[in-house]
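Each in structure tokens, the structures are laid out below.
Shared between the two complexes below is chain A, which has chain B as its partner in the first and chain C in the second.
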Partner chain A sequence: MGIEAKVREFIIETFLFGEHRGLRGDTSFLEGGILDSTGVMELVAFLEQTFSVTIADDELVPENLDSIIKVTEFMGRKGCFAPAVGAELSVILNSEVA
Partner chain B sequence: MNGTTYFSKDALRIDPEEETEKICHFLRETMLNRLKRRGVVVGLSGGIDSSVTAALAVRALGKGRVMGLEMPERYCAEETVRFSSMVTATLGIPSVREDITGVLDAVGCYRRYDGAVRQVVPEYGEGWKSKIVTSDTMAQRGFTTFSVVVQSPDDVITRIRLPLQAYLEIVAATNFKQRSRKMLEYYHADRLHYCVAGTANRLEHELGFFVKLGDGASDVKPIAHLYKTQVYQLAEHLGIPMEIRTRKPTTDTYSLAQGQDEFYFSLPYEKMDLCLYARDNDVPPDQVADLLELTTDQTMGLLNDIDTKRRTTRYLHLAPILMQDSED
Partner chain C sequence: MCGIAGILNLDSRIPPTQEQIIAMISPLRHRGPDESGTYRDERIALGHLRLSIIGIDGGTQPICNEDGTIWIIYNGEAFNYRELNEELLEKGHRFSTATDTEVLLHLYEEYGAACLEKINGQFALAIWDVVKGELFLARDRVGIRPLYYAYWEGRLVFASEIKGILPVIGTRELDTEALAQVFIFWSTLAGRTSFRDVHELPPGHYLLVKSGRCFLKPYWRIPCHHLPAEKNCSLADTCDELRELLTDAVRLRLRADVPVGAYLSGGLDSSIIAMLISKNFNTDLNSFSLGFQECRFDETSYQEELISFLGVDHRQVIIGNEQIRNFFPETVRHSEKPLLRTSPVPMYILASLVRREGFKVVLSGEGADELLGGYNIFKEAKVRDYWRRQPDSQRRPLLLERLYPYIFRNPSRGRTFLQSFFSVKPGEGGDPFFSHRIRWNNSSKNLTFFSDETIAGLAQYDPMEEMAEQLPPDFYDCDLVTRAQVLEMELFLANYLLSSQGDRVSMAHSVESRHPFLDYRVMDFSFRLPSTWKIRGLNEKYLLKRAFRGLLPERILHRGKQPYRAPIRELFSSEVEGNYVDELLSEDNLKKSGYFNPAKVRHLLAKIRRSDQDSTSEFSSMALVGVLSTQILHRQFVEGDSLHGVEQIRPDKIITAMGSTATAREVK
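Take a look at the complex of A and B:
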């Protein structure tokens, strides 16, 4: 599964209760009310664990994280082309979130 | 706002006497017609908001119908109790002091908090201090992030961005403090057949800087329509002691001192007030930028952050949603 598909699956499963809800590649997470600051933290944790990257504070901007396309391009710029070996989506999905 | 009136700090100027009368009338009518309780319990933090709320209640109902409740805990600042006692003495109201450290210990507040911090600072423990701070909305144009600042026993200070789970657990643990205080406020309100007054100002109320069913819970909120700057104007008019009027607003929640502008608001209250007023009154951003001595980009970031805070904290204001009331 490529980066875009992984990110899309994570967004749908984590924030949309498994329903597609018309989510497009360019749907703004902020304007669509999909992510708040807690959601951004979840997304960052997912990206760091799944793609084995470190995301700096100054990279936490809408230009990098506000849609599936932007996230995919951002991961591409960080040299990611596929999930790291052993980084399972289920680790994130099953983690306890209050 | 029309183009001929230039935005200035005077936008927040009120007539304290007139405003006091309006609030007192509102309080009396609310008590008589809706709440039907004999008096008011006010939790006193030694800060400006609770002091003004108590003073207004005394003006509205008389000192015999207002009870001040002081509820310090292990990490309250030294001046908290001194200032809250000063308020009860100045107003001449009866008060009760309930140290909630034992309650918090019993529910595991401190243990859970320390455990959450240890997720990012494994050596955190006895002799360490900490607090949570937010990213700088003006310096960082992006999403808000939260960091823990820890001070080791040998005074080395470190700041670490929090991962989601540690952040949520820290907030959940500290929320015990506001909720324990509210539980005690309602205990005293019940035994006296009083109501509970909330002490939130407009910034806190509208931007969601409160704990749901904690300090956000109350029967009446007499100053929730007032900007913090206006609360200070009332404080002077109502004779709140100078020491309290000059105390820097603090959350008084963490073992390291934490200003409100470090955790939630990205500017000192007097500037946040002006931003909120500007947002709600369509003041052109360039005028706001001029007044606050910021760039237009920084100002737009702050104004957008107001919208974000309103949107993301809407849940805090919601009463339980019933199926028959659902729009879906």
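Take a look at the complex of A and C:
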């Protein structure tokens, strides 16, 4: 599962309780009332844990976190790729080396 | 304190039966375990359950005037009954008992509906005028005592609790509009109940029934005074006045022929009340408090400081998570409405301690936060408004961090993002509900858990419109903080704090709570104060603290307000075997009751279960408690589990007045 799909799944599961109708890649979490103040911290904790990144304080801004696309691009800029894909890649890489 | 019930013929010509009135009062026995009585004639039946507090002997109700033409049943207290008694004696009225009930009866004879303005008290009453054929139902100003009514087969039926009405009217449906109200406003709106076709007599109103027609009228509204910008007396004088008023409010509320205790939370308001009693009226005061196993809810150290300061005789009950889980369903049964919080449960348990210790009456600090500026939502409104005036300011939004340290746990982390949740949107400055808009918007999102059918049924319903219609006419002219105060009083105080967390849970154990801050003189005084005296900057209850400086320990006087809360997440712990939570939240049961979307509730439950203490969203927790309590309510009242097996009351006093003959039978 790619980054976007992973983020999307988390948002639907955690903040929309399984309801995905109307959630587009560019839907604003703030304007759409999808996140509340606790929600932002939940999202950040999820990203750090799932993608093994560290998010600096000055990166916690709506420009990075306010929609699925923004989050996906932000994770991309931080050089991470989705863990499942990563795991598959490492298997391939390792087997090639072998 | 008592329970009342009645059936009045409007169009019906069949006399109400003794069995019907017994069926109505029997489920209310907890409200008045000491005595009971009924009155019946061709048009009406009245029932009463008594918790004897004033005029212990001779107070069995219903009671009548000198010639038996006016009858009264009454729940509550008129604290100024001695003064009213003197006034009525001078006007030639004669009394046969030493009760406040009889005083009210004569007061009504003398003044009619205007008598309500003279009562300093907390009450719900019914007065039947045999000659005029008029029924008069009334409720105290802020709704400390409950009263409900319904129309049924050409009759008006009324009772202190809805469980007294359901057995006779037959229909038992939850009202989905009321569910939406609870989910958005955290309580039902005035006049509404959780049950379809069952109405609340709103606080400060009376219902007069004459010639088969019902007239509902207000006699008191929250006094939104038009204030001059500057108060023309000094702060010091105002502090003196507040102290004197509160002392007198306490004095009146100690009137009882049984011992009176006090609740202590460790906070400012209940400390003031306990101090006033102990220093002025009763040096042997007994006090009662809650402690929590989980230390983040516990205020024991503050309680202990006050106990040793005042030298009161104190009892405490410690609340664990297991008790919250065990007593939650019973608390919902007494509240008769969905709850979004568990905090009424500890109050239910505390009342049982009070009763076990032999007390029927306790004084509390309820009302101070609303009247004198104690809540964060008032301060939040001030900060947001201050920021709105200079939206580019970097410093102004920093005040939010002082207000909500738990949101801004790590101040540098995500500060800007978190601040944006509180920023004022264009045009929002003129919103009359500015103070509550964020809360209501957040809460409204929880309607997402309703089922498609429920949501479809609500398509034409606008809860905001209904709420706005109920506000006092002067509301819109008030300043920001005053408007926020009015909203808190109209919504949360009346229908949650005084009801679910007040009357219902204490009366469940036959304990009457009295609230000196809600003396109408204190309320009127408070609404004449400039808002800046209530909250100075971000210092809440400034005037109150100043008025009691030197009279309470400094640590209690200057501690920040700790909102009273009880554990929630633990209610849903998956580690408890075979508990009712999983069963009631199962897909089958959610489908059967039909109010909620089972798939979403499953996600919500999973979310709460996997979250830790710090990351649990408050609104998500409230939604889940709301779903669970609605499911409990459905089982108890719609499916009817709690309506079966009620022991029938055998009245001590039965009055029957059929045709021209009246017979009275004192059973005891």
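As a working rule, the second predicted complex is superposed on the first by the 83 of 98 C-alpha atoms of A that agree within 3 Å, B and C clash if a C-alpha of one lies under 4 Å from a C-alpha of the other, contacts with A are read in each partner's own complex, and residues count from 1 in each chain.
Heads up, the rule we're going with is that a residue touches a chain if its C-beta (ideal position, glycine included) is under 8 Å from a C-beta of that chain, and two chains touch if they have at least 3 such contacts.
Fair warning: this is a prediction, and the values are worked out from it, not measured in the lab.
Once chain A is used to superpose the two complexes, chain B occupies space that clashes with chain C. In the superposition on chain A, A:Met41 contacts both chain B and chain C. In the superposition on chain A, no contact is made by A:Gly2 with either chain B or chain C. With both structures placed on the common chain, the touch criterion links A:Gly76 to neither chain B nor chain C.
Look at A:Gly25: by the touch rule set out above, it reaches neither chain B nor chain C. Of the two partner chains placed by superposition, only chain C is touched by A:Thr14; chain B is not. Between chain C and chain B, the overlap after aligning on chain A sits in one stretch of 55-63, 145-153 or 379-387, namely 379-387.
Shared contact residues of chain A with chain B and chain C: 30, 33, 36-38, 40-42, 44-45, 57, 60-62, 65. By the touch rule above, chain A contacts chain B in their complex via residues 30, 33, 36-38, 40-42, 44-45, 57-58, 60-62, 64-65, 95-98.
Chain A meets chain C in the complex at residues 13-14, 16-19, 30, 33, 36-42, 44-45, 57, 60-62, 65.
Contact residues on chain C toward chain A in their complex (touch as defined above): 404, 407, 412-418, 420-421, 441-442, 445, 448-449, 599-604, 607, 611, 615-619. Residues 135, 140-146, 161-165, 167-169, 172, 308, 311-312 of chain B are the ones that touch chain A when the two sit in their complex.
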